[in-house]
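Two complexes are shown next, each including subunit A; its partner changes from subunit B in the first to subunit C in the second.
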Partner chain A sequence: MNLAQVLFYLMAFIATASAVFVAATKNLVRSIFMFFITLFALAGLYVLALADFVAITQIVIYVGGILVLILFAFMLSGKETLNTIGELRSKFISINKLPALLLAGLFLVVLLNMIFKLDADNLGWVKKAQVTHNMILPNSSMTENIGINLMTKYLLPFEAISVLLMVALVGAAHLSRKGRSA
Partner chain B sequence: MNFYITYFIIAIGLFGFSALFALFGVYAERKVSAFIQDRLGPTETGKYGSLQTFADILKMLQKELITPAAADKLLFILAPAIIFIAVYLGFAALPWGPGLVPAKLNLGLYYVFAIISIETLGILMAGWGSNNKFAILGAMRSAAQIISYEIPAGFAIISVVMIAQTLNLQDIAAQQGILANETTKFAGFWDVSSIGGFFAWNVFRAPHLLVAFVIYFIASLAESNRAPFDIPEAESELVAGFHTEYTGLRFALVFLAEYSMMFLVSMVGVILFLGAWNTPLPNIGPVHLATWTTGAGWGIIWIAIKTLTLVGIQMWIRWTLPRFRVDQLMTLCWKVLTPLAFACMLISGVWRLWLM
Partner chain C sequence: MISLTDFLVVSAVLFCVGLYMIVSKQNAIQVLIGIELMLNGAILNMVAFSKYDRINNGGQMFALFAIVLAAATTAVALAIILNVYKQYKTIDPGSINKLGD
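Right, the complex of A and B next:
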């Protein structure tokens, strides 16, 4: 195994183990901080896949933005509320969990099916890209590539997202205004 | 294998530098504050009190590490480490001279911007872990402030990136002097590619960046929780904010992070706006001052002088201006700095298209 593979398995393990902890723990605040580790391991995996721009964007948006905002909401809610949520008793198998179990099980079936049917070493589109040299090398610059593609090939989705964000901003401004008469 | 050893040496060197700088910074802060308030400051320990911070750090090392009984122990212990590591990681991408950069990242600037934002998480961790109302109030104020001020700082940075056309900090640095590959124009009309000096700095290449620099500087004060934006640790109302419960070495780590952060944000400001490691002296006719004073050694000297000047201005501001109230702080950020930063970004685009 070379260094890249060792790093891949290490970060994959950290990502999955911390994600399991996030889902399983009763201590909600700790699970948020554990989610931070999951996101970091994911960023590392992105770097290994030569998507360094995506990796850093993930840290800026998820760690610096979303995670901090979630924590903010937690801190406004107080420790007692959090403890009552944490103490909700739940059996491992109950009728409430049936939809979730069903969904997870079906998803597992789909994933396993994919893994067994897919011949990952001989994918058609990968071979084609190798022949035509249409691929990213470790020393090629990613930012220009992403910028040019966003402004040409993917302009419509890009603009649609910006309109969506604008709508969200207007909505947030409307909700936070002091209501004159409800 | 050799370059791994070099990496370790550089990493340890940077750590040693930030620790030394914190020692020097605390001493300087005391002397500067004493001068501004017409006092003497530390005088007893060593000549002119110069050993005062060493004595302080010795005292802190000996102190007991107290963990409050009701604290979330894991978060409480980990928080100072995360706060410091977030700042320390930022140093990895900063260039010190031509060819002297710990990690040549083509996304260097974006990386520094991202890694600094992790500090917020450490502060929230400390606030929550302490299980203390002052700590949690301080942490929440700090988070609100840092998230808000990231926006004007980000747009001020983007207006530089639009002029520089790269996120690589070393390339941004090289553009602002006689080592530039492209033609550099002072204020958009006078070709200074071979003259260099302060004429080629970003703030003079495109004068609207002067406004962007001021915006960035104000925002960087807020991001490093320095006065007049130090409401997270407002001692008159919150005891000491998010680090109320910390003692001994952990408290020292929080302070180390604060002073490293001051140096880091100043250094990023110098690299982006004030010519990085380039000399301020221009070539005048046959007197090639810029050529004589450019090089790896000179680079370190220039960037250190410029950065320390900015750190000095941070201290000067801290001991001159009173603390902002929360609403004033938010008004300044959202109603003054953010629109101005947007305007800077717009002018940058126009400038790049028509004047460069």
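Right, the complex of A and C next:
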């Protein structure tokens, strides 16, 4: 058991435990701030999967952008009303949440069953990549490769997503504008 | 090294927690957080498999695209949530039962 594995199990534990806390807590503020922890732990997991660029992007966009947006929406949408809703429903917690819990649990059982049957480390193409050295090693730097691929092989998705981002920006600005005239 | 199965198990747990939040929460913001958790579980899968694709880098590339898509989705969804709050004074998805005129 080397250091990478210890770190992986630590990060995986933090990510899953804080995700469960996010789902279980009644306090919305706490759930949002625990979601920070989940996202940071996931960035650590990406680093351990040898995807450092994706990890940095995760921190910049998710933690810097999305969570701040969520916090804004939370602050702007009336804290008192939210709290009373939570208290009202909390008496019937067990009977109210049972179907959702059952659905998620059964889905987890199905997914785990499928994952252990799949045995991903012995897939054909994974074995082939190991034989032909088409795998990322801890000392190989991938950022140049990502840049080159982004401008050559994946140029069409890149342009499409830039157009979509523009459309989403205009749409969000239109939706949240004051005093609309139909 | 860390095996792929470990990554898959973590992402399955995250996905199911997100599913539970989407189905059970009475607050649109928490439903949104559930969607983000599910997206993150899927991204973790792509990143984990991308280790065995050094030349084309497909997994990491589409993980980046998925992160950008999540940002766009969240911006629009939060604008919608704020509008709904302005109109109904609540963001419980179960009590929003009238169409606008």
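Everything that follows uses one rule, which is that the second predicted complex is superposed on the first by the 151 of 182 C-alpha atoms of A that agree within 3 Å, B and C clash if a C-alpha of one lies under 4 Å from a C-alpha of the other, contacts with A are read in each partner's own complex, and residues count from 1 in each chain.
Quick note on the criterion: a residue touches a chain if its C-beta (ideal position, glycine included) is under 8 Å from a C-beta of that chain, and two chains touch if they have at least 3 such contacts.
Quantities reported herein were computed from a predicted structural model and do not represent experimental measurements.
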First, second, both or neither for A:143, with subunit B first and subunit C second: first
Contacts of A:59 with subunit B and subunit C, given as first, second, both or neither: first
Touching partner for A:46 - first (subunit B), second (subunit C), both, neither: second
Touched partner set for A:33, first subunit B, second subunit C, both or neither: first
Residue contacts on subunit A - larger count, subunit B or subunit C: C
First (subunit B), second (subunit C), both or neither touched by A:104: second
Partner chain(s) touched by A:72 [first = subunit B, second = subunit C, both, neither]: both
Subunit C-contacting residues of subunit A that also contact subunit B: 53, 57, 65, 69, 72, 74, 76, 142
Contact footprint of subunit B on subunit A as seen in their complex: 29-30, 33, 36, 52-53, 56-57, 59-60, 63-65, 67-69, 71-72, 74-76, 79, 141-143
List of subunit C residues in touch with subunit A within their complex: 1-10, 12-21, 23-24, 26-27, 29-30, 32-34, 36-37, 40, 43-44, 47-57, 59-65, 67-76, 78-83, 85, 89-92
Complex contacts: residues of subunit B adjacent to subunit A: 72, 74-75, 106-107, 110-111, 113-115, 117-118, 120-121, 124-125, 127-128, 131, 136, 139-140, 143-144, 147, 150, 167
Residue ranges of subunit A touching subunit C (in the complex, touch as defined): 4-5, 8, 12, 15-16, 19-20, 22-23, 28, 31-32, 35, 38-39, 42, 45-46, 48-51, 53-54, 57-58, 61-62, 65-66, 69-70, 72-74, 76-78, 81-82, 85-86, 89, 96-97, 99-101, 103-105, 107-108, 111-112, 115-116, 118-121, 125-126, 129-130, 134-136, 140, 142, 145-146, 149-150, 153-154, 157-158, 161, 164-165, 168-169, 171-173, 175-176
